[in-house]
Amino acid sequence: MFGVASVAVLVTMALALTRALLGPTVYDRVLAVNMFGTKTVLIIALLGFLTGRPDFLDLALLYALINFIGTLAVLKFFEYGDLSRRLDQGEAGP
Amino acid sequence: MRVLGLYNYWIFIFLMMVGFYILISRRNLVKKILGLNIFQTSVFIFYISMGKITGGTAPILVEGAEAVVYSNPLPHVLILTAIVVGVSTTAVALALVVRIKEAYGTIEGDEISAMDNQIPF
Amino acid sequence: MGVLVDFALLAFLATTAIAVVRTTNLFAAVMLAGIYSLLTAGLFTVMDAVDVAFTEAAVGAGISTVLMLATLAFVGSRVKTPQLRITDISAKVPVRRPVFPLVVVLVTGAILIWGTGDMPAYGDPANPIHHHVAPRYLEESEHEIGVPNVVTSVLASYRGFDTFGETTVVFTAAVGVMILLSAMRRKDRFGEERWGEESVPDLFRGFAPTFWLGQDGRMRAPPSQPGEEDEGGTP
Amino acid sequence: MSDQIILRVATKIIVPTILLYALYVQFHGDYGPGGGFQAGVIFSAAFILYALVFGLRRTHRVLPTWVVRGCASAGVLLYGGVGLASMVMGGAFLDYGVLAHDPKHGQHYGILLVELGVMITVFGVMVTIFYFFAARGREDL
Amino acid sequence: MSTVADVLSWGFLLTGSFFVISGGIGVIRMPDLFTRLHCSGVTDTGGAGLVLVGLMFQGGLSLVTLKLLFILGFLWFSSPVSTYALARAALAGGEEPFWAEDLDLPPSARIPGFSPRPVPGEGEE
């Protein structure tokens, strides 16, 4: 049963990867990376159960916590052009 | 079955060669650094796959369990530190790229060499 | 089942690597590198290396993307002169096609693949690596160190020297970054404040070390060619 | 441009969680996956997230540069210090067995301190690198 | 009891797999970024949530289930936030949503009173 779910997640990973490769805009790529992160959380959780050592979910927990950082960095990069500014300050980049 | 046992190595070699190709054929310095990272990662995965034992489990001892096969912890230790060192050295390389951009105004390798080869006076 | 996941992840990894080669947008390449890191962490998990996967996860998701983006904020995200692909025959301009690198890579790869014939199969318990020191670590660690995580005990105790060296290397990397990036704006000899941005140190061009340290007497920039400010560049 | 409140609130909730999780990874590393390297990176990732949302200036106020630099060197010093301490107490360099009466306890102390040193160094190094990259070209920070 | 838990867990896993795959297909087939964001949201919250709940039934009352609960909580917390951030960045970056009129439908197929393309400069500050 875990196998079926793993296959589903792997297929979705393949689809997300396709979107990252096709992605007409850069935002599509970011979206694909974001989605890929969630799928990695799932596949790691499923792998824990598949291999019979489900106590290694810490890794999935870590991804659930910090996948967010990459997306935020991208947001700042696009909206402000640098990474050091406060988010609601100023309009344009340097 | 022989092919199954070697498939992993082939992929590692492929990845390593892709990284190598980026490194020697692309002129953009950031791209070269990415190629270097791919090269590095292929070595990491190669090491880890050497330590894997089929049917084994992660080398964290299970209390009171008999006859559990653990994977080899030694490659894990080597690669664990290598990943952190890898990102630090990548940061140094990126800092160099930033300085090169500031000094030359470009990060394309051929333009930099062209500027270097101009006769100054 | 693990084998299937392993195969699929490796195939994704190869696809991502090819995509990194082909893209001419550095930003897309950085995003693909993020995917690459996620896949690597998954692979480490499949190969029972949870600690390594943990490190890769933390580094890949937390640090490297941010560092790469911070660099891209300086250097711009487009590769200026996209290189022609081998298959791109129609181009009129004489552009260096990367044939020689391809040949080098193919030959090296072929030699390496030929060499794998002698490699032990993946996951074979009889591999030589499993018979040297690892059994001792796994058997004695519980009595000698008393820590269930063998990776920790090997990392911190059995191979403490190694880790000490690695920590020093990480520290040295920070020192290097500080030296490289802390050269703040300075007045050049004409009293103009400038960033290195447009100044090519033409007088001292031969003296690479002085330039690296930011100690050079920076001179006026050569008159900039029209169109050079254009970051994206039209090839 | 004042509608970034979602991100700010989310960051305020998630940054302490990441810090707490990093400490869990650090001190649970003997029993599960984790250890100094990972904990240091996660710890610094929390501050990077803070800097991304609240700006570098405010982060400098929370975590000044000199603290970070001090961390980067203090960790290596702690590591070396443990080695020297074990030499002083009659063992070899980094031979933790002599740190306590029971060699096993000594090993525990040694591993704990050494991992702490690694974590502090890695944290300091990663945040230093980020600070220098983010502040480059902005003299107002 | 364990049979019931197993059946429930299978049900959740299967439904979750369905959601995950359908979201993935949507990410490929949808016409523009914002609809794709919606599909990715389906996999991130619906699919991932169902799969994790299914795993929780397998874990039983243990630390594993607690960890899964945490994963679920953080996923449901951070994934919408990052989706929001991405959509914001895309709008600020000048990404145009795909309007129903772009489909070239016959007037009879349009939903009355729905989604006229906003006149530029009106309704936006």
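As written, the chain order gives the labels A, B, C, D and E, with residue 1 at the start of each chain.
Basically, a residue touches a chain if its C-beta (ideal position, glycine included) is under 8 Å from a C-beta of that chain, and two chains touch if they have at least 3 such contacts.
In this text the structure is predicted, and so the values were computed from the model without any measurement.
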Set of chains adjacent to chain B and to chain D: A, C
Least hop count linking chain D to chain E through chains in contact: 1
Comparison of A-B and C-D by number of C-beta pairs in contact, larger one: C-D
Taking each chain's C-alpha mean as its centre, the one farthest from chain A: D
Separation of mean Cα positions, chain E and chain A [Å, integer]: 14
CA centroid of chain C to CA centroid of chain E, Å: 33
Where chain B and chain C are represented by their mean Cα positions, the distance between them in whole Å: 6
Chain centre separation (chain A, chain C; CA means) in Å: 20
Interface hub residues of chain C, defined as touching at least two other chains: 48, 50-51, 53-55, 58-59, 61-63, 66-67, 70-72, 74, 148-149, 151, 155, 163, 170, 173-174, 177, 181, 195
Contacts with two or more other chains, residues of chain D listed in rising order: 7, 10, 14, 17, 25, 31-35, 37, 41-42, 45, 48, 52, 122, 125, 129, 132-134, 136-137
Multi-chain contact sites of chain A, meaning residues that touch two or more partners: 2, 7, 14, 30, 32, 51, 55-56, 58-59, 61-62, 65-69, 72-74, 82-83
Chain pairs in mutual contact under the definition given at the outset: A-B, A-C, A-D, A-E, B-C, B-D, C-D, D-E
Touching residues on chain A, where the partner in the complex is chain D: 55-56, 58-59, 61-62, 65-66, 68-69, 72-73, 76, 82-91, 94
Of all residues in chain E, those that touch chain D in their complex: 74, 77-78, 81, 84-85
Interfacial residue positions of chain C with respect to chain A in the complex: 1-2, 4-5, 8, 12, 15-16, 19, 25, 27-28, 31-32, 34-35, 38-39, 41-42, 45-46, 48, 50, 53-54, 57-58, 61-62, 65-66, 69-70, 72-73
Parts of chain D lying in touch with chain A, wherever the complex brings them together: 1-4, 7-8, 10, 14, 17-18, 21, 25, 32-34, 42, 45, 48-49, 51-58, 133-135, 137-138, 141
For the chain D and chain C complex, residues of the former touching the latter: 25, 29-38, 41-42, 44-45, 48, 52, 69, 72-73, 75-76, 79-80, 83, 93-94, 96, 103-104, 107-108, 110-111, 114-115, 117-118, 121-122, 124-126, 128-130, 132-134, 136-137, 139
